[in-house]
Amino acid sequence: MDRRTTPRTVLLVVGELLAWWAALTLLWLVLISSVYPLEWIVGASVAAAGALLARAGRRAVSWR
Amino acid sequence: MSRRLRLWLLALGGAGLAALLAAACLDLPGFGGRAHPYGTRAVHASLTRHTANTIASVNFDQRAYDTLGETSILFAAVLGCVVLLRQARDEHRARPEPARVALPVRRYALLVMPVALVCGLYVIAHGQLSPGGGFQGGVVTATALHLLYLGADYHALERIRPLGVFETTDALAVCAYLVLGLAALLAGTAFLANTLLPYGTFNTLSSGGTVPLLNAAVGMEVASAVVVLLANFLDQAVEIEEESAG
Amino acid sequence: MDEAVILVALLLVAGAATAAVAQRDPARQALVLSVLGVLLAVLFTVLQAPDVGLSQLAVGAVLTPLLVMLSVRKIRRRGRDRDGAR
Amino acid sequence: MNGWVLAATVELAGGGAAALWGVTTGPTARRVVAQNLTTAALCPALLLLAQGYGRPSYVDLALLLALLGPVGTLVFARLLHEDLEGQRPSAWGLTYAVAAMGAVVVAAVCAATGPGRAMVKLLVIGALLVGGNLIASRALSGAFRGVRGG
Amino acid sequence: MSTVTQVLPYLVAAYVFLTGAYGLATSRNLIHAVGCLSVCQVSTYILLLAVGYRSGGTAPVFSDIKPGSRPVVDPVVQALTLTDIVVGATVTALLLALVLQIVKRHGTVDPDELRELRG
């Protein structure tokens, strides 16, 4: 994997993170039983952690 | 002692123990009985403190001191493993060859890893509402990381697992539990008494006073403890080799 | 009906425990232990203890088998290295 | 008491007994397949029980089993692959049959739940269960053949 | 029939404990012995939860039912069991680590051979 930081790669990384974050926030909303602001905040931060892990995992596998 | 003699001794002791256990079983209150005095009181106490999951209330409020003991056993057990499995002087690390895993399995692992993380954190966060809590969710969260070993190889797992961070988190989480207990003491009540925070609205994430915080501390501790534990076993099983001369 | 499902789960757990002890090879025992873990989770559910069931599921399905299998692997690898050196 | 619990009892008795028999007898390859099918057989039973007891919160158990069961099988596929080499354990007919049964149970529970977020949660569990089961079967039938040291 | 179901869970717990103890005493492999010990542990979980069960009861988790609407089982024994399962797993890990140390020092997993080494 090339490690140059062109705008295109940055955009791709941000897109990947955002896609994971949105998907995992949706998953959180499916798991819980009632929705209220605190639940949104916790869900969004957990989804962010999940997105970072997903990105890190993919990078660790493809980066040799 | 010969093997035969040992078996005879075992049979004798086992028969005696079986007779005693059977007698004890016949004297226990019948299975499914209606009288549970402790249970009734625990449910009542949990409801007055706005904790929807009575089991979490028992663990992190009514018997929080007992849970402190459990977490310290867990901490000590992990510490013992780290000491026993550390790399000795007559051992060296050999890097294993990278594994070739079938593509569907690798994709599955990469896909399920974040999902498992979110589910584990969900189980921790909702510990005081629905079934779950720090102990269960912590194990699931730690398992999520190790999908990378199963789906790729140990080398990939090592890249996303800063072991020092997890060791520190483990210790910090135990400290956080203690500090929360001491905070109650400073506020003028008993150690680990749940009087520090408002009890909140029933059946929301912020209900139950200090229960969610203690729950989160235990979740962090269990998750990092399991990661450290598995890291030591993986090191031994995959990387560490003895010097063949010894 | 509730009693029937508890009865079935209890008998399955007793059978799985017997099988886990009867398997003398650690790797095969780990397989039975993981099945025992899942059966126990079901037993705890029918005894109305979902929290305990979750705990057993998390530990019994992955953690214990992984620990046992890693130990088995270490011992096997060690034996192989010794045989190779000899 | 109700049909859901009865169905769960039947499923538990049949699936559990078959899994137990499969995992204690025969060559290692057969045992690993039985271990894999245990997840697929018992996860629907947990869903049926949650429905039968009228407790949606029990569904979390099925969720975790659908998530972790295949991971447990991957552990064995990964660490026993030397024993499994050349045997290529697979029972695709049985695997598909059990997966179809899981799908039927999920569909039935979904129909009883009605549309809403709870139904989406059940569908997620169903997807994880069937997908995980198929992938784990694939892993058993020789996904780790290149692995030496790791 | 009812007397059988009233005692059977306790008897199953006792049986599981004795089975595990038998395996522990006759084991020829230390890893197998650790597995047998975890089977022994299981018996305590069964016993505790059986003591806390109540016919027709449900879990005392009030996120999806109204408090007081249904009879509930005993939460105290569940809390005891729950923590012990996770802590028990780490203790199993500690025992396995000891086994690995023994293998490293003495080169065998058979407890009988270990005794011979000691003389």
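Letters are used for the chains, namely A, B, C, D and E, taken in the order the chains are written, and counting of residues starts over at 1 for each.
Just so we're on the same page, contacts are C-beta pairs under 8 Å (C-beta built on N, C-alpha and C of every residue); 3 or more make two chains touch, one makes a residue touch a chain.
Heads up on the chains, UniProt names are B = Sodium:proton antiporter; D = Multisubunit sodium/proton antiporter, MrpF subunit.
All values derive from a computational prediction rather than experimental measurement.
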Required steps from chain B to chain D (each step between touching chains, minimum): 1
Partner chains shared by chain D and chain E (touch criterion as defined above): B, C
Chain-contact steps, minimal, separating chain C from chain A: 2
From chain D, the most remote chain by mean C-alpha position: A
Chains linked by the largest number of contacting C-beta pairs: B-E
Whole-Å gap separating chain B and chain C, where each centre is the average of the chain's CA atoms: 17
Length of the line joining the C-alpha centres of chain A and chain B, rounded to whole Å: 26
Sites on chain E at which at least two other chains make contact: 5, 8-9, 22, 50, 52-53, 55, 58-59, 61, 63-64, 72-73, 78-79, 82, 85-86, 89, 93, 96, 100, 104
Per-residue multi-chain contacts in chain C, two or more chains: 2-3, 22-23, 30, 48, 50-51, 53-55, 57-59, 62-63, 66-67, 70-74, 78, 82
Sequence positions of chain D contacting 2 or more other chains: 53, 55-58, 60-61, 63-64, 68, 71, 75
Pairwise chain contacts, counting only pairs that touch as defined: A-B, A-D, B-C, B-D, B-E, C-D, C-E, D-E
Complex interface listing, chain A residues touching chain D: 27, 29-31, 33
Chain B-touching residues of chain D, taken from the complex the two chains share: 57-58, 60-61, 63-64, 67-68, 70-71, 74-75, 78, 128, 131-132, 135, 138-139, 142-150
In the complex with chain C, residue positions of chain D that touch it: 1-2, 5-6, 8-9, 12-13, 16-17, 19-20, 23-24, 28, 31-32, 34-35, 38-39, 42, 45-46, 49, 53, 55, 57-58, 60-61, 64-65, 68-69, 71-72, 75-76, 79-80, 83
Chain A residues touching chain B - in the complex, by the definition given at the top: 20, 24, 27-28, 31-34, 36, 38-39, 42, 46-47, 49-51, 53-54, 56-61, 63-64
In the complex with chain B, residue positions of chain C that touch it: 3, 50-51, 53-55, 57-59, 62-63, 66-67, 70-71, 73-74, 77-78, 81-82, 84-85
